[in-house]
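Below are two complexes that have chain A in common, paired first with chain B and then with chain C.
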Partner chain A sequence: MITPHNIFQHELIGLTVEIVESSHQGLEGIKGKVVDETRNTICLERPDGKEIVVAKSTSLFHFRIPEGLVVEIDGKVLVSRPEDRIKKKFRKI
Partner chain B sequence: MSRGRRPKWMIELGKERIDILFNLAEKEFSQHPERSHRYVKLARNISTKYNIKMSMEWRRRFCKSCYKFLKPGKNSKIRLSNGKVHFKCLECGKLMRLPYIKEKKQKRRNKIESYLVKKRVNE
Partner chain C sequence: MINVKYFDFHLKGKKPDSDLALINEAKRLGYHGVSIFYSNEQYNLALENFNKIINDETSPTHLKSFKIDDFSITPGIIIQGKNPHHLQKQIRSLRNKTNILMVDGGDLKINRAACENVKVDILSRPYYKRRDCGINHVLSREAAKNNVAIELCFNDLLKSRNSLRSKIIAHFRDIIKLQRKFHFPLLITSGARTIYDLRTPQDIMALYRCLGLNKEEILMAISVSPSFILDYNQQRKDMVVDGVKIIDEK
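Moving on, here comes the complex of A and B:
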(Lines of atoms letter the chains of each structure in order from A and count residues from 1; the text may use other names and numbers.)
(Lines give C-alpha, C1' and ligand atoms only; values in the text may rest on other atoms or scores of the structure.)
Protein backbone atom coordinates (compact mmCIF):
# COMPACT_ATOMS: atom_id res chain seq x y z
CA MET A 1 0.00 0.00 0.00
CA ILE A 2 1.31 3.43 -0.90
CA THR A 3 0.62 5.89 1.93
CA PRO A 4 1.82 9.49 2.47
CA HIS A 5 4.29 8.16 5.08
CA ASN A 6 6.11 5.65 2.87
CA ILE A 7 5.79 7.27 -0.56
CA PHE A 8 9.49 8.30 -0.41
CA GLN A 9 10.50 4.65 -0.29
CA HIS A 10 7.77 3.28 -2.54
CA GLU A 11 7.43 2.91 -6.29
CA LEU A 12 6.83 6.14 -8.22
CA ILE A 13 6.26 4.52 -11.61
CA GLY A 14 2.55 4.42 -12.44
CA LEU A 15 1.50 7.41 -10.30
CA THR A 16 0.06 10.60 -11.76
CA VAL A 17 2.06 13.72 -11.02
CA GLU A 18 1.92 17.47 -11.48
CA ILE A 19 4.94 19.77 -11.56
CA VAL A 20 4.17 22.77 -9.36
CA GLU A 21 7.47 24.61 -9.24
CA SER A 22 10.53 24.35 -11.39
CA SER A 23 13.63 26.38 -12.19
CA HIS A 24 12.57 26.05 -15.83
CA GLN A 25 9.31 27.99 -16.19
CA GLY A 26 8.15 26.07 -19.25
CA LEU A 27 7.75 22.89 -17.21
CA GLU A 28 5.46 24.37 -14.55
CA GLY A 29 1.88 23.10 -14.57
CA ILE A 30 2.58 19.97 -16.59
CA LYS A 31 0.55 16.89 -15.60
CA GLY A 32 1.23 13.30 -16.56
CA LYS A 33 1.93 9.70 -15.63
CA VAL A 34 5.36 8.57 -14.41
CA VAL A 35 6.79 6.16 -16.96
CA ASP A 36 10.46 5.79 -16.03
CA GLU A 37 12.86 6.79 -13.28
CA THR A 38 16.64 7.17 -13.00
CA ARG A 39 18.93 8.60 -10.32
CA ASN A 40 18.48 12.25 -11.26
CA THR A 41 15.43 12.33 -13.54
CA ILE A 42 11.78 11.32 -13.87
CA CYS A 43 10.21 10.57 -17.26
CA LEU A 44 6.56 11.66 -17.70
CA GLU A 45 3.99 10.77 -20.32
CA ARG A 46 1.61 13.64 -21.02
CA PRO A 47 -2.08 13.00 -21.90
CA ASP A 48 -1.34 13.73 -25.58
CA GLY A 49 1.22 10.89 -25.66
CA LYS A 50 4.49 12.85 -25.62
CA GLU A 51 7.24 11.93 -23.17
CA ILE A 52 9.29 14.52 -21.29
CA VAL A 53 12.26 14.10 -18.95
CA VAL A 54 12.32 16.26 -15.80
CA ALA A 55 15.21 16.76 -13.37
CA LYS A 56 14.30 15.80 -9.81
CA SER A 57 16.50 18.22 -7.90
CA THR A 58 15.08 21.47 -9.29
CA SER A 59 11.34 20.81 -9.09
CA LEU A 60 8.45 20.47 -6.64
CA PHE A 61 5.98 17.64 -7.33
CA HIS A 62 2.38 16.87 -6.42
CA PHE A 63 1.92 13.08 -6.49
CA ARG A 64 -1.58 11.60 -6.53
CA ILE A 65 -1.56 8.21 -4.75
CA PRO A 66 -4.11 5.45 -5.65
CA GLU A 67 -6.28 6.23 -2.58
CA GLY A 68 -6.96 9.71 -3.98
CA LEU A 69 -4.79 11.82 -1.68
CA VAL A 70 -2.34 14.38 -3.07
CA VAL A 71 1.15 14.49 -1.56
CA GLU A 72 3.60 17.36 -2.03
CA ILE A 73 7.24 16.30 -2.31
CA ASP A 74 10.39 18.32 -2.86
CA GLY A 75 12.42 16.73 -5.62
CA LYS A 76 15.70 17.07 -3.68
CA VAL A 77 14.52 14.30 -1.30
CA LEU A 78 14.07 11.87 -4.17
CA VAL A 79 17.59 12.14 -5.63
CA SER A 80 18.96 8.56 -5.46
CA ARG A 81 18.72 5.37 -7.46
CA PRO A 82 15.20 3.86 -7.41
CA GLU A 83 16.34 0.66 -5.65
CA ASP A 84 18.39 2.63 -3.07
CA ARG A 85 15.42 4.70 -1.93
CA ILE A 86 14.08 1.84 0.22
CA LYS A 87 16.95 1.99 2.71
CA LYS A 88 17.42 5.77 2.63
CA LYS A 89 16.38 7.64 5.77
CA PHE A 90 14.38 10.87 5.46
CA ARG A 91 13.86 13.79 7.76
CA LYS A 92 10.42 15.37 7.92
CA ILE A 93 10.40 18.84 6.40
CA MET B 1 25.49 -0.74 4.34
CA SER B 2 25.93 -4.22 5.77
CA ARG B 3 25.46 -7.31 3.63
CA GLY B 4 23.18 -10.25 4.31
CA ARG B 5 19.61 -10.35 5.49
CA ARG B 6 17.65 -7.06 5.51
CA PRO B 7 15.03 -5.96 8.06
CA LYS B 8 11.52 -7.29 7.58
CA TRP B 9 9.89 -3.97 6.64
CA MET B 10 12.41 -3.47 3.81
CA ILE B 11 11.60 -6.91 2.38
CA GLU B 12 7.85 -6.22 2.59
CA LEU B 13 8.26 -2.90 0.75
CA GLY B 14 10.44 -4.53 -1.88
CA LYS B 15 7.88 -7.28 -2.50
CA GLU B 16 5.13 -4.70 -3.00
CA ARG B 17 7.30 -2.74 -5.44
CA ILE B 18 8.18 -5.84 -7.46
CA ASP B 19 4.48 -6.70 -7.71
CA ILE B 20 3.60 -3.18 -8.91
CA LEU B 21 6.38 -3.23 -11.53
CA PHE B 22 5.43 -6.61 -13.02
CA ASN B 23 1.73 -5.68 -13.18
CA LEU B 24 2.68 -2.51 -15.06
CA ALA B 25 4.97 -4.47 -17.38
CA GLU B 26 2.11 -6.78 -18.31
CA LYS B 27 -0.19 -3.81 -18.92
CA GLU B 28 2.25 -1.86 -21.10
CA PHE B 29 3.55 -4.77 -23.20
CA SER B 30 1.08 -4.46 -26.08
CA GLN B 31 1.91 -0.81 -26.85
CA HIS B 32 5.36 -0.15 -25.35
CA PRO B 33 7.34 -3.42 -25.07
CA GLU B 34 10.60 -1.56 -24.35
CA ARG B 35 9.03 -0.13 -21.17
CA SER B 36 8.08 -3.55 -19.85
CA HIS B 37 11.65 -4.82 -20.42
CA ARG B 38 12.87 -1.82 -18.42
CA TYR B 39 10.45 -2.59 -15.56
CA VAL B 40 11.78 -6.15 -15.36
CA LYS B 41 15.27 -4.73 -15.00
CA LEU B 42 14.17 -2.41 -12.16
CA ALA B 43 12.37 -5.26 -10.38
CA ARG B 44 15.44 -7.46 -10.63
CA ASN B 45 17.60 -4.66 -9.21
CA ILE B 46 15.38 -4.57 -6.12
CA SER B 47 15.26 -8.34 -5.67
CA THR B 48 19.04 -8.79 -5.98
CA LYS B 49 19.83 -5.89 -3.66
CA TYR B 50 17.49 -6.97 -0.81
CA ASN B 51 17.69 -10.79 -1.24
CA ILE B 52 13.99 -11.06 -2.09
CA LYS B 53 12.65 -14.15 -3.86
CA MET B 54 10.17 -13.31 -6.60
CA SER B 55 6.83 -15.09 -6.47
CA MET B 56 6.32 -18.18 -8.64
CA GLU B 57 3.89 -16.21 -10.80
CA TRP B 58 6.51 -13.67 -11.89
CA ARG B 59 9.61 -15.92 -11.94
CA ARG B 60 8.31 -17.50 -15.16
CA ARG B 61 7.54 -14.21 -16.84
CA PHE B 62 11.06 -13.09 -17.84
CA CYS B 63 13.94 -14.73 -19.72
CA LYS B 64 16.83 -15.89 -17.54
CA SER B 65 19.50 -15.07 -20.11
CA CYS B 66 18.39 -11.81 -21.78
CA TYR B 67 16.08 -10.62 -18.92
CA LYS B 68 13.25 -9.55 -21.21
CA PHE B 69 9.57 -9.70 -20.30
CA LEU B 70 7.83 -12.75 -21.77
CA LYS B 71 4.23 -12.84 -22.94
CA PRO B 72 3.05 -16.32 -24.01
CA GLY B 73 1.88 -16.25 -27.58
CA LYS B 74 3.69 -13.01 -28.43
CA ASN B 75 7.39 -13.53 -27.66
CA SER B 76 7.47 -16.87 -25.87
CA LYS B 77 6.35 -20.47 -26.36
CA ILE B 78 5.26 -22.88 -23.60
CA ARG B 79 5.15 -26.67 -24.02
CA LEU B 80 5.09 -29.74 -21.74
CA SER B 81 7.54 -32.62 -22.24
CA ASN B 82 9.27 -35.28 -20.08
CA GLY B 83 7.69 -34.02 -16.85
CA LYS B 84 8.92 -30.49 -17.39
CA VAL B 85 7.46 -27.19 -18.56
CA HIS B 86 9.50 -25.72 -21.41
CA PHE B 87 9.56 -21.94 -21.79
CA LYS B 88 11.18 -20.77 -25.01
CA CYS B 89 12.19 -17.11 -25.33
CA LEU B 90 11.67 -16.06 -28.95
CA GLU B 91 13.85 -12.94 -28.47
CA CYS B 92 17.12 -14.82 -27.85
CA GLY B 93 16.16 -18.49 -28.36
CA LYS B 94 17.00 -19.67 -24.83
CA LEU B 95 15.04 -22.60 -23.37
CA MET B 96 14.08 -22.66 -19.65
CA ARG B 97 12.90 -25.92 -18.07
CA LEU B 98 10.96 -26.16 -14.83
CA PRO B 99 9.78 -29.50 -13.36
CA TYR B 100 6.17 -30.01 -12.29
CA ILE B 101 6.64 -33.05 -10.01
CA LYS B 102 4.69 -31.50 -7.11
CA GLU B 103 1.52 -31.22 -9.16
CA LYS B 104 1.98 -34.78 -10.49
CA LYS B 105 2.39 -36.20 -6.97
CA GLN B 106 -0.66 -34.29 -5.75
CA LYS B 107 -2.69 -35.75 -8.62
CA ARG B 108 -1.56 -39.31 -7.75
CA ARG B 109 -2.40 -38.77 -4.07
CA ASN B 110 -5.89 -37.52 -4.93
CA LYS B 111 -6.47 -40.58 -7.11
CA ILE B 112 -5.47 -43.03 -4.32
CA GLU B 113 -7.60 -41.17 -1.76
CA SER B 114 -10.72 -41.28 -3.91
CA TYR B 115 -10.12 -45.02 -4.49
CA LEU B 116 -9.87 -45.67 -0.71
CA VAL B 117 -13.05 -43.71 -0.02
CA LYS B 118 -14.92 -45.83 -2.58
CA LYS B 119 -13.58 -49.05 -0.98
CA ARG B 120 -14.79 -47.98 2.47
CA VAL B 121 -18.26 -47.17 1.14
CA ASN B 122 -18.54 -50.65 -0.46
CA GLU B 123 -17.58 -52.40 2.79
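Moving on, here comes the complex of A and C:
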Protein backbone atom coordinates (compact mmCIF):
# COMPACT_ATOMS: atom_id res chain seq x y z
CA MET A 1 0.00 0.00 0.00
CA ILE A 2 1.31 3.44 -0.90
CA THR A 3 1.73 5.76 2.08
CA PRO A 4 3.66 9.06 2.44
CA HIS A 5 6.36 7.04 4.21
CA ASN A 6 7.10 4.76 1.30
CA ILE A 7 5.99 6.69 -1.79
CA PHE A 8 9.54 7.74 -2.71
CA GLN A 9 10.51 4.05 -2.92
CA HIS A 10 7.27 2.88 -4.49
CA GLU A 11 6.14 2.38 -8.07
CA LEU A 12 4.83 5.72 -9.37
CA ILE A 13 2.96 4.57 -12.47
CA GLY A 14 -0.75 5.21 -12.10
CA LEU A 15 -0.49 8.05 -9.60
CA THR A 16 -1.92 11.50 -10.24
CA VAL A 17 0.75 14.19 -10.18
CA GLU A 18 1.11 17.94 -10.54
CA ILE A 19 4.35 19.72 -11.44
CA VAL A 20 4.69 22.60 -8.97
CA GLU A 21 8.14 23.90 -9.82
CA SER A 22 10.43 23.24 -12.72
CA SER A 23 13.46 24.83 -14.35
CA HIS A 24 11.32 24.77 -17.51
CA GLN A 25 8.59 27.27 -16.65
CA GLY A 26 6.27 25.94 -19.32
CA LEU A 27 5.87 22.70 -17.38
CA GLU A 28 4.75 24.34 -14.14
CA GLY A 29 1.12 23.66 -13.25
CA ILE A 30 0.74 20.65 -15.52
CA LYS A 31 -1.35 17.83 -14.03
CA GLY A 32 -1.58 14.30 -15.24
CA LYS A 33 -1.23 10.61 -14.61
CA VAL A 34 2.15 8.87 -14.54
CA VAL A 35 2.27 6.36 -17.40
CA ASP A 36 5.99 5.62 -17.64
CA GLU A 37 9.22 6.22 -15.76
CA THR A 38 12.93 6.04 -16.53
CA ARG A 39 15.96 6.80 -14.37
CA ASN A 40 15.87 10.53 -15.04
CA THR A 41 12.37 11.19 -16.40
CA ILE A 42 8.69 10.72 -15.73
CA CYS A 43 6.18 10.41 -18.55
CA LEU A 44 2.80 12.03 -17.81
CA GLU A 45 -0.48 11.67 -19.62
CA ARG A 46 -2.40 14.93 -19.52
CA PRO A 47 -6.24 15.01 -19.35
CA ASP A 48 -6.35 15.81 -23.11
CA GLY A 49 -4.53 12.54 -23.83
CA LYS A 50 -1.19 14.08 -24.75
CA GLU A 51 1.93 12.56 -23.18
CA ILE A 52 4.84 14.67 -21.96
CA VAL A 53 8.23 13.66 -20.60
CA VAL A 54 9.50 15.60 -17.58
CA ALA A 55 13.03 15.57 -16.12
CA LYS A 56 12.92 14.51 -12.46
CA SER A 57 15.96 16.31 -11.09
CA THR A 58 14.83 19.82 -11.98
CA SER A 59 11.21 19.55 -10.84
CA LEU A 60 9.10 19.56 -7.69
CA PHE A 61 6.08 17.25 -7.74
CA HIS A 62 2.82 16.96 -5.85
CA PHE A 63 1.74 13.32 -5.89
CA ARG A 64 -1.79 12.39 -4.83
CA ILE A 65 -1.87 8.94 -3.27
CA PRO A 66 -5.02 6.75 -3.25
CA GLU A 67 -5.75 7.62 0.43
CA GLY A 68 -6.32 11.23 -0.68
CA LEU A 69 -3.14 12.69 0.77
CA VAL A 70 -0.94 14.99 -1.28
CA VAL A 71 2.80 14.49 -0.90
CA GLU A 72 5.39 16.97 -2.10
CA ILE A 73 8.51 15.30 -3.48
CA ASP A 74 11.66 16.95 -4.71
CA GLY A 75 12.53 15.28 -8.00
CA LYS A 76 16.15 14.78 -6.89
CA VAL A 77 14.90 12.16 -4.40
CA LEU A 78 13.34 10.17 -7.23
CA VAL A 79 16.37 10.09 -9.51
CA SER A 80 17.16 6.40 -9.94
CA ARG A 81 15.59 3.46 -11.71
CA PRO A 82 12.32 2.35 -10.06
CA GLU A 83 13.69 -1.14 -9.42
CA ASP A 84 16.78 0.35 -7.74
CA ARG A 85 14.93 2.93 -5.69
CA ILE A 86 13.43 0.29 -3.42
CA LYS A 87 16.86 -0.59 -2.01
CA LYS A 88 18.18 2.97 -1.87
CA LYS A 89 18.78 4.52 1.57
CA PHE A 90 17.21 7.86 2.40
CA ARG A 91 18.26 10.27 5.14
CA LYS A 92 15.66 10.62 7.88
CA ILE A 93 15.45 14.07 9.45
CA MET B 1 13.16 49.39 0.70
CA ILE B 2 13.18 45.78 1.90
CA ASN B 3 12.13 45.15 5.49
CA VAL B 4 14.88 43.09 7.08
CA LYS B 5 13.96 41.05 10.15
CA TYR B 6 16.73 40.80 12.71
CA PHE B 7 16.97 37.81 15.02
CA ASP B 8 19.04 37.21 18.09
CA PHE B 9 19.27 33.46 18.13
CA HIS B 10 21.04 32.81 21.39
CA LEU B 11 19.85 34.30 24.65
CA LYS B 12 20.72 32.34 27.75
CA GLY B 13 17.65 31.68 29.89
CA LYS B 14 17.87 31.62 33.69
CA LYS B 15 14.91 32.86 35.72
CA PRO B 16 11.48 33.93 34.45
CA ASP B 17 11.91 37.59 35.52
CA SER B 18 15.35 38.09 34.02
CA ASP B 19 14.31 36.22 30.85
CA LEU B 20 11.37 38.54 30.36
CA ALA B 21 13.60 41.59 30.92
CA LEU B 22 16.04 40.20 28.34
CA ILE B 23 13.28 39.67 25.82
CA ASN B 24 11.83 43.14 26.35
CA GLU B 25 15.26 44.71 25.95
CA ALA B 26 15.87 42.80 22.71
CA LYS B 27 12.51 44.03 21.44
CA ARG B 28 13.38 47.60 22.39
CA LEU B 29 16.72 47.39 20.59
CA GLY B 30 15.02 46.54 17.31
CA TYR B 31 15.10 42.76 17.01
CA HIS B 32 12.10 41.01 15.45
CA GLY B 33 12.59 37.72 17.21
CA VAL B 34 14.74 35.95 19.75
CA SER B 35 15.50 32.40 20.65
CA ILE B 36 16.11 31.68 24.28
CA PHE B 37 17.95 28.53 25.31
CA TYR B 38 17.57 26.34 28.37
CA SER B 39 19.05 23.09 29.52
CA ASN B 40 16.85 20.01 29.25
CA GLU B 41 15.94 20.15 32.96
CA GLN B 42 14.84 23.80 32.87
CA TYR B 43 12.99 23.66 29.56
CA ASN B 44 9.56 22.46 30.73
CA LEU B 45 9.49 24.96 33.56
CA ALA B 46 10.44 27.75 31.16
CA LEU B 47 7.62 26.79 28.78
CA GLU B 48 5.11 26.91 31.65
CA ASN B 49 6.38 30.34 32.60
CA PHE B 50 6.04 31.60 29.04
CA ASN B 51 2.50 30.26 28.91
CA LYS B 52 1.65 32.15 32.10
CA ILE B 53 3.31 35.37 30.94
CA ILE B 54 1.70 35.39 27.52
CA ASN B 55 -1.63 34.04 28.87
CA ASP B 56 -1.75 31.37 26.22
CA GLU B 57 -3.75 28.41 27.48
CA THR B 58 -3.86 26.47 24.22
CA SER B 59 -0.40 25.07 24.49
CA PRO B 60 -0.10 21.44 25.43
CA THR B 61 2.61 21.01 22.79
CA HIS B 62 6.31 21.59 23.30
CA LEU B 63 6.85 22.57 19.67
CA LYS B 64 5.79 26.13 20.02
CA SER B 65 6.90 29.66 19.21
CA PHE B 66 5.35 32.42 21.28
CA LYS B 67 4.37 35.72 19.77
CA ILE B 68 3.96 39.14 21.34
CA ASP B 69 2.64 41.40 18.55
CA ASP B 70 5.09 40.71 15.71
CA PHE B 71 7.93 39.69 18.02
CA SER B 72 8.59 35.95 18.07
CA ILE B 73 10.08 34.09 21.02
CA THR B 74 11.33 30.60 20.32
CA PRO B 75 12.50 28.54 23.27
CA GLY B 76 15.17 25.97 22.52
CA ILE B 77 17.30 23.37 24.25
CA ILE B 78 21.07 23.50 24.51
CA ILE B 79 22.84 20.17 24.85
CA GLN B 80 26.18 19.73 26.54
CA GLY B 81 27.42 16.35 25.39
CA LYS B 82 30.00 14.51 27.46
CA ASN B 83 31.06 12.39 24.50
CA PRO B 84 29.71 11.73 20.96
CA HIS B 85 27.66 8.72 22.09
CA HIS B 86 26.03 10.66 24.93
CA LEU B 87 25.39 13.55 22.54
CA GLN B 88 23.65 11.34 19.99
CA LYS B 89 21.46 9.84 22.71
CA GLN B 90 20.48 13.31 23.91
CA ILE B 91 19.74 14.50 20.36
CA ARG B 92 17.51 11.47 19.69
CA SER B 93 15.51 12.01 22.87
CA LEU B 94 15.19 15.79 22.62
CA ARG B 95 14.62 16.39 18.90
CA ASN B 96 10.85 15.98 19.09
CA LYS B 97 10.62 17.96 22.30
CA THR B 98 11.72 21.35 21.04
CA ASN B 99 11.83 23.56 17.99
CA ILE B 100 15.50 24.43 18.06
CA LEU B 101 18.30 22.17 19.16
CA MET B 102 21.71 23.66 19.89
CA VAL B 103 24.89 21.78 20.76
CA ASP B 104 27.50 23.42 22.94
CA GLY B 105 30.78 22.90 21.11
CA GLY B 106 34.41 23.14 22.08
CA ASP B 107 35.56 19.53 22.09
CA LEU B 108 36.63 18.38 18.62
CA LYS B 109 34.76 15.07 18.88
CA ILE B 110 31.58 16.85 20.00
CA ASN B 111 31.97 19.37 17.17
CA ARG B 112 32.27 16.52 14.69
CA ALA B 113 29.30 14.57 16.07
CA ALA B 114 27.17 17.74 15.91
CA CYS B 115 28.20 18.62 12.35
CA GLU B 116 27.48 15.10 11.14
CA ASN B 117 23.99 14.98 12.65
CA VAL B 118 21.15 16.27 10.49
CA LYS B 119 18.91 16.66 13.56
CA VAL B 120 21.10 19.40 15.04
CA ASP B 121 20.23 22.98 14.13
CA ILE B 122 23.10 24.97 15.60
CA LEU B 123 26.64 24.22 16.75
CA SER B 124 27.42 26.85 19.35
CA ARG B 125 30.94 28.21 19.83
CA PRO B 126 33.07 25.43 18.30
CA TYR B 127 36.16 27.47 19.25
CA TYR B 128 35.38 27.52 22.99
CA LYS B 129 38.51 26.92 25.12
CA ARG B 130 40.49 25.85 22.07
CA ARG B 131 43.66 26.99 20.38
CA ASP B 132 42.08 26.65 16.92
CA CYS B 133 38.67 27.58 15.59
CA GLY B 134 37.28 24.09 16.28
CA ILE B 135 36.17 23.28 12.77
CA ASN B 136 38.17 22.32 9.70
CA HIS B 137 37.46 21.63 6.04
CA VAL B 138 35.99 18.19 6.83
CA LEU B 139 33.58 19.47 9.50
CA SER B 140 32.68 22.46 7.33
CA ARG B 141 31.67 20.16 4.48
CA GLU B 142 29.60 18.02 6.84
CA ALA B 143 27.93 21.10 8.37
CA ALA B 144 27.01 22.37 4.91
CA LYS B 145 25.65 18.95 3.92
CA ASN B 146 23.55 18.58 7.08
CA ASN B 147 22.52 22.23 7.33
CA VAL B 148 24.08 22.72 10.76
CA ALA B 149 24.60 26.42 11.47
CA ILE B 150 27.84 27.52 13.15
CA GLU B 151 27.44 30.24 15.73
CA LEU B 152 29.70 33.23 16.33
CA CYS B 153 28.89 34.49 19.81
CA PHE B 154 29.32 38.21 20.52
CA ASN B 155 29.39 37.61 24.28
CA ASP B 156 32.76 35.84 23.95
CA LEU B 157 34.26 39.01 22.53
CA LEU B 158 32.56 41.21 25.08
CA LYS B 159 33.65 39.22 28.11
CA SER B 160 37.29 38.67 27.08
CA ARG B 161 40.28 40.96 27.17
CA ASN B 162 43.75 41.39 25.62
CA SER B 163 45.30 38.31 24.04
CA LEU B 164 42.27 36.07 24.59
CA ARG B 165 40.07 38.54 22.72
CA SER B 166 42.55 38.69 19.83
CA LYS B 167 42.58 34.88 19.66
CA ILE B 168 38.78 34.76 19.55
CA ILE B 169 38.81 37.32 16.73
CA ALA B 170 41.34 35.12 14.89
CA HIS B 171 39.01 32.11 15.36
CA PHE B 172 36.09 34.12 14.00
CA ARG B 173 38.16 35.02 10.95
CA ASP B 174 39.07 31.35 10.39
CA ILE B 175 35.41 30.32 10.58
CA ILE B 176 34.47 33.12 8.17
CA LYS B 177 37.17 31.92 5.76
CA LEU B 178 35.80 28.36 5.90
CA GLN B 179 32.22 29.61 5.49
CA ARG B 180 33.15 31.42 2.27
CA LYS B 181 34.54 28.21 0.82
CA PHE B 182 32.03 25.62 2.05
CA HIS B 183 28.85 27.73 2.45
CA PHE B 184 27.55 26.30 5.72
CA PRO B 185 24.98 28.51 7.48
CA LEU B 186 26.57 31.07 9.78
CA LEU B 187 24.79 32.63 12.77
CA ILE B 188 25.68 35.83 14.56
CA THR B 189 24.24 35.91 18.06
CA SER B 190 24.66 37.87 21.25
CA GLY B 191 24.78 34.99 23.75
CA ALA B 192 23.40 37.46 26.29
CA ARG B 193 22.82 36.51 29.92
CA THR B 194 21.76 39.99 31.07
CA ILE B 195 20.33 43.06 29.38
CA TYR B 196 23.78 44.68 29.48
CA ASP B 197 25.14 42.06 27.04
CA LEU B 198 22.70 43.05 24.31
CA ARG B 199 23.52 45.46 21.48
CA THR B 200 21.46 46.82 18.60
CA PRO B 201 21.56 44.92 15.29
CA GLN B 202 23.32 47.90 13.71
CA ASP B 203 26.13 47.76 16.30
CA ILE B 204 26.54 44.03 15.76
CA MET B 205 26.64 44.53 12.00
CA ALA B 206 29.28 47.25 12.31
CA LEU B 207 31.43 45.04 14.52
CA TYR B 208 31.30 42.04 12.20
CA ARG B 209 32.11 44.26 9.21
CA CYS B 210 35.35 45.05 11.03
CA LEU B 211 36.01 41.30 11.27
CA GLY B 212 35.79 40.90 7.50
CA LEU B 213 32.20 39.97 6.75
CA ASN B 214 30.47 42.01 4.05
CA LYS B 215 26.96 43.42 4.33
CA GLU B 216 25.23 40.55 2.50
CA GLU B 217 27.00 37.91 4.58
CA ILE B 218 26.02 39.67 7.80
CA LEU B 219 22.39 39.91 6.71
CA MET B 220 22.47 36.21 5.88
CA ALA B 221 23.83 35.46 9.35
CA ILE B 222 21.56 37.72 11.35
CA SER B 223 18.34 37.53 9.34
CA VAL B 224 18.08 34.91 6.59
CA SER B 225 19.65 31.89 8.33
CA PRO B 226 17.56 32.26 11.54
CA SER B 227 14.36 32.64 9.50
CA PHE B 228 15.29 29.54 7.52
CA ILE B 229 15.90 27.51 10.70
CA LEU B 230 12.52 28.60 12.11
CA ASP B 231 10.64 27.81 8.88
CA TYR B 232 12.42 24.49 8.42
CA ASN B 233 11.63 23.38 11.95
CA GLN B 234 7.97 24.32 11.57
CA GLN B 235 7.84 21.91 8.61
CA ARG B 236 9.99 19.20 10.19
CA LYS B 237 7.05 17.26 11.62
CA ASP B 238 5.52 16.94 8.12
CA MET B 239 8.76 15.81 6.51
CA VAL B 240 9.23 12.09 5.94
CA VAL B 241 12.77 12.23 4.60
CA ASP B 242 14.82 15.10 3.23
CA GLY B 243 12.88 16.33 0.15
CA VAL B 244 9.56 14.55 0.90
CA LYS B 245 6.79 16.41 2.70
CA ILE B 246 3.15 15.70 3.47
CA ILE B 247 1.32 18.88 2.52
CA ASP B 248 -2.37 18.19 2.45
CA GLU B 249 -5.08 15.95 3.79
CA LYS B 250 -8.31 15.61 1.85
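Simple rule for what comes next: the second predicted complex is superposed on the first by the 91 of 93 C-alpha atoms of A that agree within 3 Å, B and C clash if a C-alpha of one lies under 4 Å from a C-alpha of the other, contacts with A are read in each partner's own complex, and residues count from 1 in each chain.
Note that a residue touches a chain if its C-beta (ideal position, glycine included) is under 8 Å from a C-beta of that chain, and two chains touch if they have at least 3 such contacts.
Keep in mind that this is a model prediction, so the values were computed, not measured.
So if we stack both complexes on chain A, do chain B and chain C clash, or do they fit?
Overlaying the two complexes on chain A (C-alpha atoms) leaves chain C and chain B fitting together cleanly.
Please work out whether A:48 is in contact with chain B alone, chain C alone, both, or neither, and reply first, second, both or neither.
Neither partner.
Regarding the shared-chain residue A:87, is it in contact with chain B (first), chain C (second), both, or neither?
A:87 contacts chain B only, not chain C.
With the two complexes superposed on chain A, say which partner A:5 touches: chain B (first), chain C (second), both, or neither.
The answer is second: A:5 touches chain C but not chain B.
Thinking of the overlay built on chain A, is A:13 touched by chain B (first), by chain C (second), by both, or by neither?
In the superposed model, A:13 contacts chain B only, not chain C.
With chain A at the apex, figure out the C-alpha centre angle toward chain B and chain C and round it to a multiple of 10 degrees.
Placing chain A at the corner, the angle measures out to 130 degrees.
Please indicate which partner A:76 is in contact with in the superposed arrangement: first for chain B, second for chain C, both, or neither.
After superposition on chain A, A:76 lies in contact with chain C alone.
For the overlay built on chain A, what is the smallest gap between any CA atom of chain B and any CA atom of chain C, in Å?
After superposing on chain A, chain B and chain C come no closer than 18 Å at C-alpha.
Taking the stated contact definition, name every residue in chain A that is touched by chain B in one complex and by chain C in the other, in rising order.
Correct list for chain A: none, the interfaces share no residue.
Applying the document's contact rule, which stretches of chain B touch chain A when the two form their complex?
1, 6, 10, 13-14, 16-17, 20-21, 24, 35, 38-39, 42, 45-46, 49-50
Under the touch definition given earlier, write down the residues of chain A that touch chain C in their complex.
Residue list for chain A touching chain C: 4-5, 7-8, 62, 68-74, 76-77, 90-93.
Quick one: in the complex, what on chain A touches chain B?
Of all residues in chain A, those touching chain B are 1, 6, 9-11, 13-14, 35-37, 82-84, 86-87.
Report the residues of chain C in contact with chain A in the complex, numbered from low to high.
118-119, 236, 239-250
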